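Common to both upcoming complexes is chain A, partnered first by chain B, then by chain C.
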Partner chain A sequence: MRSQAMFFQRRAGEALADPRLQKNFAGLKDKFVGMRARAVANYENDFEELRDAGQAIRDRVIDNLDVWLELFEEKATARGATVLWARDGSEICEHVIAIAQRHGVTKVTKSKSMLSEEAQLNAALAAAGIQPVETDLGEYILQIADNEPPSHIIAPAAHKNLDEVADLFAATHQQPRKTEIPALTREAREVLREHFLSADMGISGGNFLIAETGSVVLVTNEGNGRMVTTLPKVHVVITGIEKIVPTLADFATLMRLLPRSATGQEISNYVSVCTGTKGEADADGPEHTYFVLVDNGRAGLVGSEFQAMLRCIRCGACMNHCPVYQTVGGHAYGWVYPGPMGAVLTSLYTGIENALDLPHASTLCNQCGVVCPVKIPLPELLRKLRERQTERGLRPWSERLALSVWSRLAQRPALYALATKLGVRYLNWLASGRDRIAVLGVAPGWTAGRDFPAPQGRTFKELYSSRQEQKA
Partner chain B sequence: MRSFRHPVCFLHCGILPFHNAKLMRVALFVTCLVDLMRPSVGFAAIRLLEAAGCEVVVPETQTCCGQPAFNSGDRRAALALAKKTIAECEGFDYVVAPSGSCADQIRSEYPGLFVDEPEWRRRAKALAARTWELTSFLADVLKVDTVPGEFAGSVTYHDSCTGLRSLGIKQQPRRLLGLVAGLKLKEMPESEACCGFGGTFAVKFGDISAAIAEKKCINAQAAQAGAVVGGDLGCLLNIEGKLRRMGDETTRVLHVAEVLAGVLPNPDGKAG
Partner chain C sequence: MSSRDDILSRVRANLGVAAGDEARRAAARAVLETPAIGPRPSLPDDLAARFRMKAEAMASTVDRVATPAEVPAAVARYLAERGLPARAACWPALAGLDWAAAGIDVAARAANGDDPVGITGCFCAIAETGTLLLASGPQTAATTSLLPETHIAVVPVSRIVPAMEEGFALLRAEQGFDLPRAVNFVSGPSRTGDIEQTIVIGAHGPYRVHLILVGDA
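Entry: the complex of A and B
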């Protein structure tokens, strides 16, 4: 997906001005935040200890990522799978198209994969004459909505409401418009069933790769993942190299964290552990299994100050709890991943210079940091990205000038006292006797949407020193 | 006699090395926003600390803790201001700020700034260990059971993000407000939600910031209290500015120190 992250301000403004989107965002927030809170409260043990355990598992993997990947490759290969490596999005597309062509594939069914968004895989498949069909309900809705990008990593069509989906289905399926959710999902099932039965290849993402068994784990609620991974004769898993966990026991620990953090469920409706190809005794399963393990910027984070980001297990809790995401939605962020984790990943994977607003588009409230199941210090990472921008001279000159003037003043107390004394008088002059300023020329961003309260009249330092003099 | 060990501070702050050993010597870190916008908060803090038996000193040369530079990615400026603040404030038993955000900058961020300067790092750590946000200092360190303020009416409390999530300030201001004669606390929905201030965020992304502030204001109004009270002036300026723009002329917006000390600004906003 080509990044539009440089247009954050404009896209955020459009989202703010769209009442229907605003309503959809509000409903989404109430649902996700409430569900997680209940799940954490109902967890039988200490959820904070669980987060510590989750972090420890992820750190153990990432500290020795190469070792775990080699073990995974060995185990997966021993079970009949083929492990391929992709440096970037175009290599993902090359691998997948080559596999499809080798097996004479003309249609693929897809379960959710954010990596395929990183690679713009659907467009590449279509260009190669292979029809991709999204089968995750949210992804399917977006595909028939003229290939809209997802706005959330686990609820891709979260920005759409029931009415919009009803319109889309009626127009696409040429059927009477339905308004009840069960009727709509039934209609989707009927359409998708044909595709499940006729596709020659299934593509899935992977929530976890288990090193000791060479398995991929899919965590889903709709069951489409099972159809995609068992019905076609070829199964291709596309996932990031950081998704490894050492053992099944580690996976069990992370499974206590993931659904609770993501949807507030104790466990998702489906958890599939897929290992190797169909054996002689198996009733179903793919005859050919491929793993496309993707770098696309990940390996470069190992050992860097941003390594903690590789812990991410893609639950979406950080965006669900982010006041900025809740207000502008996912599309404003402009690339594959939105919210706090997206602001970090977009900067790191598409280039810091191509996402200048994203690290700054946060109040650093740390709501993301306290809900993250693997304790990624997201505000700290955002701040480090801001530092890298400053070091590389990527901030606008006006901002650099303002900061520089202010910080020089703040280091010179006498000058600072004079400047603030004058500043307060200027603000009071602007307020002209009222308790507020409606238009503030030095900070128009502030007063566009709210007033600026007037200062009390004199600085604390002025008042304090005159009081001290009176005392003396 | 820390002042002897740190002659720089001794000179800068003009503190006498001989003082009443019985009194706790507390440096008030006023914060740049209070200095500029709302001096009544600083005087309220002095009153509260003195009422609790502290000797309060206001280091004269203090300006800003450096958080705006730190959060904007200007580490060099943040470092320079951290050194300045450390030198000014390290000669005291405690440093207290009427802001969770500024107190946290000193407590949680200063030590990490000094990567290659072990001596500064030591001094930063020592200062961090003695630095407190005002309500947590009153409630957790001094364990006060009376406050000077009286307040006829109801208030609702906004939990500022940094104080809440980094310093664990939640019950302290509520317990202290419970000591104010006449005051009734009414909780708002989502009191822990960010108000959208975020420092320079409020200016850089004014439209998003104001939209988040609107949600906060709607929640605050739902409490049907006479005043919104909080512990960080940045949030309060944001909330007050949005309430007024929304046409709410009656809900007062007050710093918790003002309410606890009974040092309220006049209704026209001027220092009382």
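Entry: the complex of A and C
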């Protein structure tokens, strides 16, 4: 997907001015945040201990990623799967199209795969004459909405409300317009069931790859992950190289973290551990299984100060809890991944210079860091990205000038005292007796959507020195 | 350089390690040979009661009978109560039960898109989360628990284990080290919350999951 991350400010402004979008995201916040809190409170042991274990499992893999990739490859190959590697999105598309052509595939059903968004795979498939059908209900809604991008990693159509979905279905399916969510869900089930039964190839992402067994794990609630790995004769798994976990026991531990953090469930409805291909006598399953292991920027994070980001298990908790995401939604971030994890990944995968606003789209309140199931220090990573921007001279001249003025002042106490004193007088003059300032003369943008509080009394330094005098 | 070698060599360069380091491989293999069990929730002693409570929390319905012979009547009762068709596909291992006497038309084969009801057993069941562990194989089609709108599973109480860890251990003890092609953990009927985060039961998989526990209380 081509990044629009440079337009964060404009897109965030549009989102703020769209009352329908504001309403849709308010619901998201209430539901996901509350459900996670309940699930964590109900866990019959120490959830922090579980987070520590999750972090340790992910770190063990990333610290020896080359070895774990080779072990996974050996085991998966021994079980009859074919392991392919892709440096970037265009290599993903080349592999998938070549596989489809080798097996005479004209239609593929897809379970949710964020990597296929990174690669713009659907457009490449369509251009090669292969019909891609998204089967996650949210992704399907976006596909028939002229291929809109997802706005949340686990609730991709969170920005659409019932009315919009009803209109889309009526227009696309040529059936009477339905207005109840269960009826719309059944209509999608019936339309997509035909595709499940007739597609020759299934494409899925992978929540985890297990090195011990050469397996891919798919976690879904709808059952589409099971469909695309059971019915078609070819199954293609597209995952990032960082998705490996060593053992089945490690996977069991991470499964206690993922659904609780994502949807507030103790377990998702379907957790499928798929290994190899259909056995000779097996009743069902794919005859051909392919893994496409993707770099697309990930190898560059290994060994860097941003390595902790590779622990991410894509639960979405950081965005659910982020006051910025809750307010502007997912599309403002401009690429595949929104919210705090998206701000970090977009900067690192598409280039720091191409996502200048994203590390600043955060109050650094650390809600994201507190809820992350694998303890990624997201605010710290965002701060490091800000430092990299400054080092590379990527910040605007006005900001650089302001900061250099401030740093000169801060190093000269007498001058600093004078400046704050003058500043307070200026603000008091602006407030002219009221306790709020409606338009901040030197920085009117700050007061465009809020008032600035008028200073109350003297400056800190003045108060401090008068206290010292009283003591003496 | 192939994509594979390119990616691996970049990972190694960033980690500051060389290719073919046998000590690091041996350390990784040691992790595989003695997998560490992570932290887990504390479970009550009565696994069957725990399983039932959690299964119901995931919107499964649960019945209990004393012997396998009572299963067809329990299935018939469940279908009649809900006005569902008395016609099903079942795993071959269950074909020996007297379905005809209970008035149910049962075919011992993998389910297809037209079967209203699929009847399966389970490899074992997980008390922690109220979950079925279904292992695919020649006699245990994955489609039977997936395509029909109603899935009925027969769960011997003796096959309820505490958690996923014990489920995998049992699989390896009985079927060998390599996993079957698909191990499906199923917890209740399919659902989606993709429209306005409103949970709807019945997405692509079954609308109803009914569990029949078999064994003495």
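The criterion applied here is as follows: the second predicted complex is superposed on the first by the 458 of 472 C-alpha atoms of A that agree within 3 Å, B and C clash if a C-alpha of one lies under 4 Å from a C-alpha of the other, contacts with A are read in each partner's own complex, and residues count from 1 in each chain.
Keep this in mind: a residue touches a chain if its C-beta (ideal position, glycine included) is under 8 Å from a C-beta of that chain, and two chains touch if they have at least 3 such contacts.
What you are looking at is a predicted structure, and each value in this text was computed from that prediction instead of being measured.
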item	value
Chain B versus chain C as contact partner of A:410, first or second or both or neither	first
Which superposed partner A:31 touches (first chain B, second chain C, both, neither)	second
Partner chain(s) touched by A:372 [first = chain B, second = chain C, both, neither]	neither
Per-residue contact with chain A, leading partner among chain C and chain B	C
Touched partner set for A:115, first chain B, second chain C, both or neither	neither
Which of chain B and chain C A:420 touches, first, second, both or neither	first
First (chain B), second (chain C), both or neither touched by A:446	first
Chain B versus chain C as contact partner of A:234, first or second or both or neither	neither
Set intersection of chain A contacts, chain C complex versus chain B complex	none
Footprint of chain A on chain B - complex, ascending	30, 32, 34-40, 42-43, 58, 60-64, 66, 68-75, 77, 80-81, 84, 161-162, 165-166, 193-194, 196-215, 237-238, 240-242, 244-245, 253, 265, 268-271
Chain A residues touching chain C - in the complex, by the definition given at the top	24, 27-28, 31-32, 43-46, 49-50, 53, 57, 60, 63-71, 79, 84-87, 91, 135-138, 141, 155-158, 160-162, 165, 181-182, 184-186, 189, 192-193, 196-197, 211-213, 215, 221-224, 226-227, 229-231, 241, 246-253, 255-256, 263, 266-279, 281-285, 293, 295, 299-300, 302-304
Footprint of chain A on chain C - complex, ascending	2-4, 6-8, 10-12, 14-17, 19, 21, 24-25, 27-29, 31-32, 35-43, 54, 57-58, 110, 113, 129-131, 136-143, 146, 163-165, 168, 178-198, 200, 202-206
Residues of chain A that touch chain B when the two form their complex	9, 12-13, 16, 323-324, 327-328, 359-367, 369-370, 383, 385-391, 395, 399, 403-404, 406-407, 409-411, 413, 416, 420, 423-424, 435-436, 443-461, 463-465
